[in-house]
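These notes open a run of structures that come right after.
Note that chain A is present in both complexes that follow, paired respectively with chain B and with chain C.
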Partner chain A sequence: MTKEDAQGSTAEETQSKKGLKKQQKEAEKAAKKAEKQAKLAADQQGTEEDDFSKDQYGIAAMVQSQQKLDRELVRVQDLTPEMADKVIWLRARVHTSRAKGKQCFLVLRQQQFNVQALVAVGDRASKQMVKFAANINKESIVDVEATLRKVEQKIESCTQQEVELHVEKIFVISQAEARLPLQLEDASRPEGEGDEDGRATVNQDTRLDNRVIDLRTTTSQAIFRLQAGVCMLFRETLTKKDFVEIQTPKIISAASEGGANVFTVSYFKTSAYLAQSPQLYKQMCICADFDKVFCVGPVFRAEDSNTHRHLTEFVGLDIEMAFNYHYHEVIDSITDTMVQIFKGLRDRFQTEIQTVSKQYPSEPFKFLEPTLRLEYTEGVAMLRQAGVEMGDEDDLSTPNEKLLGRLVKEKYDTDFYVLDKYPLSVRPFYTMPDPSNPKYSNSYDMFMRGEEILSGAQRVHDPQLLTERAIHHEIDLEKIKAYIDSFRFGAPPHGGGGIGLERVCMLYLGLHNIRQTSMFPRDPKRLTP
Partner chain B sequence: MALKELSSLEKFLGLKKHNKYSTQGDNKVPVLQSNNGPMVGLLTVCSHLVNEAKRPELLGTSTEHRAMVHQWLEYRVTKVDGCTREEAKTVLKDLNLYLQDKVYLAGNCFTLADALMYYGLHPLVVDLAVHEKEHYVNVTRWFDHLQHYPRLRHHLCPVVVLRNRVYISGHH
Partner chain C sequence: MSMYQVKPIYEGGTKIDLPTCMYKLPNVHEQRASSCFSEHAHQNGEPDSAVRALEARQDEIMRKLFELKAAVDGLAKTVATPDADLDLTVSCSLASPSPTACTFTGTADLDTLLGKDLGALRDIVINANPAQPPLTLLVLHGLLCQRYRVLSAVHVHSSVSGVPPQLLSCLGARLTDGSARNLFQLGFTLIWKDVPKLQMKFSVRNMCPVEGEANVARFLFRLLSPDPSDVGQATLVDSWVDTAFFQLAEGGAKEQAAALRSLNAALGRQPWLTGPELSLADIACYCCAVRSGAAAAAPTHVQRWMKACENLGYFSRAQLQ
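Our next item is the complex of A and B:
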């Protein structure tokens, strides 16, 4: 035997030993695998055999309008004890699901309403169906067939407290992804409550980044229903007062209130601006004998201010009307419109107001009839009495504005008032000067909870004076020629004002940030979604 | 600053003779040249003036009372003088809590502590906004009371104090 052979044989031996072990292991593995597969197969067979309700649940085929089902879908808000023991269909989102042994509780949500649903193992539902129900991702949309049953104890967590649904069929119409960018519970937690319990709250940027989901919270639903209400009441009231709704262009050739805060857009070979207000157009309509006009539409401000109450695009509610002898006719008309809106909200949107105040508590909005009207000098006097130092013709700073609101509330118990006769120097060029004191003007602001919502004035309807004022403000006459010319052929005395829809909603509800009342807010830092 | 304060205090105490003061060091510590040699520091000088005026009750009437007065005088020179904006907030907050059930700093009668604290807090209170004054409502009440205390205010401007609460809901 040579040395090499010896070495070879030992090598072989070790190899075979290793090989044996390997083989053994592999065999074991294979056996285990086979066992597993057999078990799985058996299980599957078992499920298939046991599952007597497999036609009553599942993921439905994509709705591509293949069929017109003659099936009435009941709305969640209509689920009342009167309908008890009926078998109904409904479509809703899975708000939460909670499995508990042989039962699975679902909270089904439709807009701001929700109801509890129960899938329980029994004659109708199999174990597998309960498991399926428990595993539906939150926010998925489901079609459910169920029997409505009265419950002994009120279900505190739902809006439909006296009934629950006993589910017989459940199909997923649209499946949500398992991971949501934010949880609806976190987004609807009342202010401050999360901090105390150490539970999560969602900050505003996250909300706005995922606005589609944030808008599903009951609070958002209520806010924007109320906002629609403001528009509706505005139109309703003014239409009753014989106003005509007009549409004005938003791409304009000249800035109405000085060029500093307008967006410039390229317009073929030249440039144009986005309208800061429909000011000039509503005035031209007055000159064109429309007498009383209003318009609802977007307004743009290129102010680079990142505050709680500024947006770069918002919805303006604008009013302009001709009056007979005194511009207070205009003030009275506008304040009455506002009061009608407040009353309408109070009487017709109580549910929405309550819903919002659950998450953002605030005192109910107060107003007087007729609306309180203070002169600017009175306002300044009140501020001075409170220790604020300011000049007679200084504009109100935001903190002073808020303080004055507080002082007025304390003295007159109203959240809504008009401040009349502003200093002429702080108003735009088309503002009519006060005949008795040329330092003041026939202009006014309206305030809600101490914040400005409307700015308005009697306008100069005399082309001569208007030209003078424009020169005084160093405005290029060439650019506003069309505007001034419209007053040359007989122009009635007129006045008006513009309201910010988002601000009205924010302040009426006592919210702290305008982004909460803008569906897709635009500010210097946000252009999406 | 301290010197104006001392001359106001002299007037308040009704001292006929007006002393001459100088200051010492970067912190401008007041110094009084007296017959017994120089007296250094605000509290030392003030105690001396109180004795001169024969108003020992202003330094406290019992042992505990004297300790209390002393404690607030110390607080004035160590915490209030030269405090930053942040520290001022803490001072006002603590003081507001302390004054909740008191008319004067040391119990129910006026002492030197009230006078010096009033002089010391004046620059802080002057800068407060209306809602802040309302927030530190006990301090404001005490302050308003002191600025109307006979012959105390002298060199300082009056601070406007609203009698009605305007920020009822607590947010502004």
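Our next item is the complex of A and C:
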């Protein structure tokens, strides 16, 4: 009993002790609050009292195009030591701000470039101005007049390392809300680093839900600049090769490759489909004597697959060309285009590639010129040697594709290769059979880092054979009548293929998810933003 | 040897009654012309190098003629029957290497040399730095092409740029594209790449990459002719190959001069470095001498030997630089 009593009393004592502490703390808090308020009041008074730089900061009136100022805004990337000691204007976002006594350091960001700016109390700036600068919400857009000064020590955290800005005027053009749904620093932290330090990282879904903010990170900026580069190089190379760019309808009356995986849209009193590929139209253009065509545009797949490399809408880069005698002319043309793209990226987008690799490290992309071409049977033999059991005419499963990619990389040290002569049974009906072995076909896939990016073939240009193949695949001839008919009046032998832009970017940069290279990705579970 | 055969003037079969009172001698006329030649060679102790060189050249001409004939046959077939498969004709022209066409004799069975066939091309991948073209391997490639159906390809790796055009075409013209890859016995893929040391990758699953031009050359030469059965001879060849790459090609002026002197001494005794037959030692030494530019100031025997090498025809690939 006594023991229990004793325990009880000690418990009470501790409780009362705790209570005391609590009270004390609360009292302290209240005191602090009062002090703060007093200080704030004093500050406000101070503001009212003397603020000699009142006109040098503030929230600017909404830009409604009232006036046309003759003021040149310098770009952040142009801020170099050569421009030192000049007074300049620039418009940028407030990336971070850090107040420290009489100084306030800001990092001003413009796209993927940033520079350090300093507001310090002195004869030009008042205490109030420094305070105002420190209180600007992150991501607000500001106009700044400042003197550019060289720094003695390099500023490691900024892209403009050799200069800083001494701010003289600062105006908020557009104010951001105080609370951001995600922090840019968290979103641009290198992979794996956050986990170790226990710091926050942003997961994919949060990023995509707030895509506009996520796209502001230097990594996203670099990814999409590089993606634009891929498109540009694709057009540039093909135009040089005398290709013609065509535009094809995306609302079509019949599915090109079976009805299961197309989107149906209601079209007045009937229904229509969203195009899975511009396949049929490319071929019709060939029959209409365009010889060499390409097409950049959206492609739709209604496949309910939630993988790292499938989207329901993506940008297709499609090529189709007539050839003289052998479909390898087409392969050579396509692989050369790809090599030109890789070379162009390597030579012209080095900064972007490095920016991305800072957050998502990966080995640089390697390729051979001319591109390595292996045959399907060789690929199967390599896989069998590695212990994979598969039949001669089996299609490559995704893990096997990846394994083969690794084997090829090990032997030839290339991330890009062509696999030729696929078994006929795993290809669509319009694929031309191999003349020497009817089990195989004149079709090919291209791989980047062991994942398929292009699938193509020589097409059947003979209406009779095409009908036979369609019947063999049990396709309703009525539905593809227009397609078959287009070959009746003389059709040159031709071949081609289609590449997914997002996949090329993803695999070139060694990223892990296709949503990272799609600006506003669409998949079975995501329709917004 | 078929060039030397002539119709016998005398019918060897006719029996002539000879008196038996004296000792017996074999009939000279019963011997064939060819065996006569080899007997002649044996009588001299060793075959004349000039005759051998002549033989080799004639073999080369014969081989070329055979190839030409096959190619023309194939072409005639395509012209006569337009439906005929092009791949087939290529395979025909390639599938007819006559046994006399080859300089090196030995078991031609790649299955025993390289392990069992898996139904795919056996591709030898060589990564070489364009700053140092592997002349020896180019010569050996030429020899391999005489022996096997070789699919050769030259690639440029993304780690280098601006490879000179003569290096891109150093394995000869690209074969008419479109021929199926599995019709070939051997693949020879040369990749110009930024590597510190030449590298060969063959069977990545059970072979580590082979480094160094000398070692790759040894590997390739064994596909052409088996190691000499005599261990001493084999070691001699190996030692000459080392001399070639470490002293002739990479050594200083002094080392080069010393190597040339020992070459000269060896060549004074015999037509080729390791005896009566051309071996890897000759190929390696010749290529390294050409590369290092030591050929100009070479002693007499070396000069003669280099001439002999050049006469063989397939060393022309080494004149790349």
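The rule is simple: the second predicted complex is superposed on the first by the 482 of 529 C-alpha atoms of A that agree within 3 Å, B and C clash if a C-alpha of one lies under 4 Å from a C-alpha of the other, contacts with A are read in each partner's own complex, and residues count from 1 in each chain.
Heads up, the rule we're going with is that a residue touches a chain if its C-beta (ideal position, glycine included) is under 8 Å from a C-beta of that chain, and two chains touch if they have at least 3 such contacts.
Quick caveat: nothing in here was measured; it's all calculated off a predicted structure.
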Item to complete: Scan A:377 for contacts with chain B and chain C and give back first, second, both or neither.
Response: second
Worksheet item: After lining up the shared chain so the two structures overlap, which partner does A:399 touch, if you call chain B first and chain C second: first, second, both or neither?
Response: first
Discussion item. Between chain B and chain C, whom does A:190 touch in the aligned arrangement: first, second, both, or neither?
Written reply: neither
Worksheet item: Who contacts more of chain A, chain B or chain C?
Response: C
Discussion item. Tell me the contact category for A:410 with respect to chain B and chain C: first, second, both or neither.
Written reply: both
Discussion item. Under the stated touch criterion, which partner chain does A:385 make contact with: chain B (first), chain C (second), both, or neither?
Written reply: both
Worksheet item: Looking at the overlay, what does A:368 touch: chain B (first), chain C (second), both, or neither?
Response: second
Practice prompt. Pick out the shared contact residues on chain A: the ones touching chain B in one complex and chain C in the other.
Written response: 385-386, 407, 410
Practice prompt. Using the touch definition up top, name the residues of chain B that touch chain A in the complex.
Written response: 129-131, 159-162, 164-167, 169, 171-172
Worksheet entry | chain A-touching residues of chain C, taken from the complex the two chains share | 85, 87-88, 118-121, 123, 125, 127, 153, 155-159, 177-178, 180-182, 189, 191, 193, 201, 203-205
Practice prompt. Would you tell me which residues of chain A are touching chain B in their complex?
Written response: 362-363, 385-388, 399, 402-403, 406-407, 409-410, 512
Worksheet item: In their complex, what parts of chain A are in touch with chain C?
Response: 325-326, 328, 332, 342-343, 346, 365-370, 372, 374-375, 377-378, 380-382, 384-386, 407, 410-414, 421, 435-436
